[in-house]
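One structure is given below, encoded as structure tokens.
Chains: A, B, C, D, E and F, in written order; residue numbering restarts at 1 for each.
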Amino acid sequence: MDLEHVERCLVFAAHPDDETLGPGGTIARLSKQGTKVTVVIFSLEDRGFSGAKLEENVLELRKKEARQVAGILGVHENIFLEKLPEGDIAICDECIRLIRKYRPQIIFSHFHEQKSKDHRKVSEIADEACCKASENVLPDLGKPWQTSYLYYYELTNLFTNPSDIVDITGTIQSKIKAVKSQTSQFALLPGITEYLLSLAKVRGYLIEAEYGEAFLLSSLIPCKH
Amino acid sequence: MDLEHVERCLVFAAHPDDETLGPGGTIARLSKQGTKVTVVIFSLEDRGFSGAKLEENVLELRKKEARQVAGILGVHENIFLEKLPEGDIAICDECIRLIRKYRPQIIFSHFHEQKSKDHRKVSEIADEACCKASENVLPDLGKPWQTSYLYYYELTNLFTNPSDIVDITGTIQSKIKAVKSQTSQFALLPGITEYLLSLAKVRGYLIEAEYGEAFLLSSLIPCKH
Amino acid sequence: MDLEHVERCLVFAAHPDDETLGPGGTIARLSKQGTKVTVVIFSLEDRGFSGAKLEENVLELRKKEARQVAGILGVHENIFLEKLPEGDIAICDECIRLIRKYRPQIIFSHFHEQKSKDHRKVSEIADEACCKASENVLPDLGKPWQTSYLYYYELTNLFTNPSDIVDITGTIQSKIKAVKSQTSQFALLPGITEYLLSLAKVRGYLIEAEYGEAFLLSSLIPCKH
Amino acid sequence: MDLEHVERCLVFAAHPDDETLGPGGTIARLSKQGTKVTVVIFSLEDRGFSGAKLEENVLELRKKEARQVAGILGVHENIFLEKLPEGDIAICDECIRLIRKYRPQIIFSHFHEQKSKDHRKVSEIADEACCKASENVLPDLGKPWQTSYLYYYELTNLFTNPSDIVDITGTIQSKIKAVKSQTSQFALLPGITEYLLSLAKVRGYLIEAEYGEAFLLSSLIPCKH
Amino acid sequence: MDLEHVERCLVFAAHPDDETLGPGGTIARLSKQGTKVTVVIFSLEDRGFSGAKLEENVLELRKKEARQVAGILGVHENIFLEKLPEGDIAICDECIRLIRKYRPQIIFSHFHEQKSKDHRKVSEIADEACCKASENVLPDLGKPWQTSYLYYYELTNLFTNPSDIVDITGTIQSKIKAVKSQTSQFALLPGITEYLLSLAKVRGYLIEAEYGEAFLLSSLIPCKH
Amino acid sequence: MDLEHVERCLVFAAHPDDETLGPGGTIARLSKQGTKVTVVIFSLEDRGFSGAKLEENVLELRKKEARQVAGILGVHENIFLEKLPEGDIAICDECIRLIRKYRPQIIFSHFHEQKSKDHRKVSEIADEACCKASENVLPDLGKPWQTSYLYYYELTNLFTNPSDIVDITGTIQSKIKAVKSQTSQFALLPGITEYLLSLAKVRGYLIEAEYGEAFLLSSLIPCKH
């Protein structure tokens, strides 16, 4: 991954804060250099609310917060996958369509070894969509597009051997600001900003940078040379 | 692991700072409550020196530093395994002898999924010694002793799913002080105290404590109930 | 796991005999010492019948047998999860509700490396419920509760390295009696009592007890110290 | 697996060309020696079409091609699992029924470490059906039958250590002919015949044969001796 | 593995009782039907003695016991690999020489996921020898020979999914008799005969036989068809 | 890995033909574009001879052949690690010294999941050297150097999911010519050129190239961005 030359990047997130908690600093760094970053938010069975009152308008609230985050991190576009009637295949098709439309060089997605079932599910759908998007099938979903790099980001289940560390010293403040703007999540994630700052230091240490974000390269799509 | 009732604890460390970098806060906490902690340092092919001059007396220097650390963390006894002439079996025998002599309820050891070959090797020897020590064999090495819990600690290759987190909020300062006292390692590990503080925050987050240390329980020795 | 101090224990079972075949002896031992044991039976697509006639009333029959078993093992309460209309999420929610209601220190569940798809599915749902129950989410399902230990029990896919063996010498007879009381399963599992007695001997051997049951500690929920 | 004595063989294929691309040469060899080979084609959400026009009659077209392939490879019977209304359990039941009806000594199925979700799903269903078919349950689906060997075949995700290589020197031409007869797939799989010839050479090399096919023996069903 | 047609079989054992504890019943069954079974005993650093007095003549004593066992199980020949001066390569060469000399259709060896380091080491050497023996190299060690099946046997680390179960109902008594004849091991392995009988019942259950032994097929050497 | 910008590349090979059989086409492609390729040949216990006569001068002969290969593939320098007296540590030190001297952006090495013990050993030593070379230790072995990419190449144990495929359509002929020039290996590897051509086609298929070579990116050294 040569970050400097990435023109288009797609991020898959199960909930409308995973894109910040995971690759938020990298998104901000890419955006600053001119990469067009699109975030696809699944909102699969969104149940991340902590108070009964919040429930009824949690989706609207989180969409609003996601838009604030987009402003802070420099996300070009947020796409919300509303609950689709036909099940997983329809969601996967929609992801294929988006990959073919946005033609990203890099995709950031959830890792499959995650405690959260939602995250694992998004990980699986994104893997499948990423492969299928590059094959000469399903022409009604657009022209085949092969993403060069599929990366997994980390949240609380840390990688033992990350394959890549991105220096986010220049954008850690944006990441923290973005997290702080998602006020609906505060009760759920006490201490999250401290956690993220510390994790960024832990990851930066591996590359002698002040702050870093860790990724794991998928080998689902072999890279062409 | 019910930390309160641990009377005797053994720590295996490849080099004379791993016991601090890994389970240092836990050692200090155990020691404070009265647990007798013994640290066994392998010094296997000690090559952790950064300057040519240091080389000739690096072993002596690091022993001295290990003794300082012992004072800070409350380690009861440091044991240095000098290079033994007969190879791995002699080292393993010595470890069996020590386990049977000190009869620990808990052993802390290196994890085998480590980049460093020294760490992997200590991990393997400790595993073997831990098992053999409990069997009715090798009577010249002492009476059989079954350790109740064998835990692996982490350094830079982090556990994706740690099985245990120890709250070290009360002893993080001792850990950091101990690290800072090992001045011979400064050139090798720039930024190590920041790293350790951040990692302790990252691990504490999982149990809602300020600072924590993560461990992975081995299932080599099944726990009796 | 310090069995003596367990006040409340929850057991997840795919079918109404798995709680006996798996951790039956441990349940009886816990119950004898005063632990309140609750068994949650999924009855997911119950198809464990061997004769056409049995089919129509197999669910009723097995419930009746489960109640007999409860009497023999000292199970405090049996909970049957009737087929719920809304699919997996509803079942998972119900499990979260039960965990938060019964607040167990220990959960026994199926292991995910099982040939039977039903067992794998229960394993996955229980894992998810166990994690989610401890998070500050879904307030309508009760107050967050963190289970200290999640253990997997074994049936016919044996653990290569069990992390815990429970001595069931004092309750093996209850386990066998409980199995024998489930007469509807005899045609399906010829030789099952011999099998269970032998397996208990095999597992007891590892801790020098006459009879034992083997478990594997999950590291999904890190244990706090 | 003693190929000479196999009387009945079942092949599970997600799409109506997988039986050719995977074990096609072995099918032809078995058929030549008198083994009755039955191919079960799932057509799960068949989406393997490359042009919009093709879509409407793709299923009919592929059935026709499957029948041509059957003639070339000597497949005794093709079974198409139409989309069943009740979901996975109904499909699995149908597979159990087929295994009990055809009583194969050998089953060839997809491997679960496959990029394609369809292939993974067929792999999982076939595993489950294979186990359940041998148990004394579900009498309305036929008499229990234990398949002696369950083998996985490879497509593009190659086995690092195949357990078995079948010499297909005598039938590689039939395999290639069969592939060429599935004209609807040409646009999707450019260069597929070259690929298959080369892979057969690569696999033959391991047993000093001109052409081979690689398989991995499943240990789901322990083989009786 | 078609047991009936095996003419020659080789068994690798780290210590002179592993061949009994592991595949003893299978050896006896093979021997009864006329298969020539050769047992290669490594005696790598033999330390399996429980009393100081025993130590000096433990090797002689165990050789004597191994010969008794050979008589009971029908082992054709026992080969003791004396400690060789040149290290692992010399031992591996000797194993290659033996494989090429005895030309077994089946090899039984230790499994590599074993707590005991000796067992793991024998497993590794046997794997290597088995592969190299079949290659067109090292002509001074004999003519290349490819063993058809390499199987691992189990001791106390049980297979979760054994690939093969051998019915040893007819020879379990010989196995137990053989174990009982190794009197020097009694102090080390209290309750071993009960353990073995129970494990044999547990394994027999999987194939509806009274007693069984479990094996895992290696895929190191692909089987030719 | 951006092949175009690689100035220096190091290849580790257990025997003096592995660099050809594995990444030979990639070496030739790199060399053609101006990359300086250095090949380090271990000749660990070289036993790859098939006839008794050959044995005495096999090392000399293979060195000569390695030099021919170097000419064909455009290798800049061949380094032979003669058997070193002090064992593995000395070999690893020598590798660290070479990495620090040649400062490669890319290292190609053996994969650890290989049947051949020699290959696994070289893989382990190269991993260790690669990590240690980048640390601020062992100053007498040169200045620290961090290799950007460590790749494993494949021989006969194929990758299920290769992370990278290099198009070697322009250099496959050089690879084949290089293999053919190593006449001493012909008896050992009958059909090797056919095998390599076919494997290159199989791997090229994944990237729609005529010929390819597959690699697996190591995550031992996280890539900095």
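The working rule: a contact is a pair of C-beta atoms (placed from the backbone, for glycine too) under 8 Å apart; a residue touches a chain by one contact, two chains touch by 3 or more.
Small disclaimer: the values here were computed from a predicted structure and weren't measured.
Of all chains, the one whose mean C-alpha position sits at the greatest distance from that of chain B is D. Rounded to the nearest 5, the angle that brings the Cα atoms of chain A onto chain D is 120°. Put simply, the C-alpha centre of chain C and that of chain F have 52 angstrom between them.
Mean C-alpha position of chain A lies 37 Å from that of chain B. For chain E, residues that reach two or more other chains under the stated contact definition are 115, 161, 190, 206, 220. An unclassified topology is adopted by the chain contact network, corresponding to no line, ring, star or complete arrangement. Listed by chain label, the pairs that touch are A-B, A-C, A-D, A-F, B-C, B-E, B-F, C-D, C-E, D-E, D-F, E-F.
Chain B meets chain A in the complex at residues 113, 115, 156-161, 190-191, 194-195, 197-199, 201-202, 205-206, 208. Against chain E, the residues of chain F that register as touching in their complex are 45, 47-52, 55, 115-117, 187-188, 190.
Contact residues of chain F toward chain A in the complex are 1-3, 161-167, 206-207, 209, 214, 216-217, 219-220, 222-225.
Of all residues in chain F, only 89, 92, 124, 127-128, 131, 135-140, 220 touch chain B in the complex they form.
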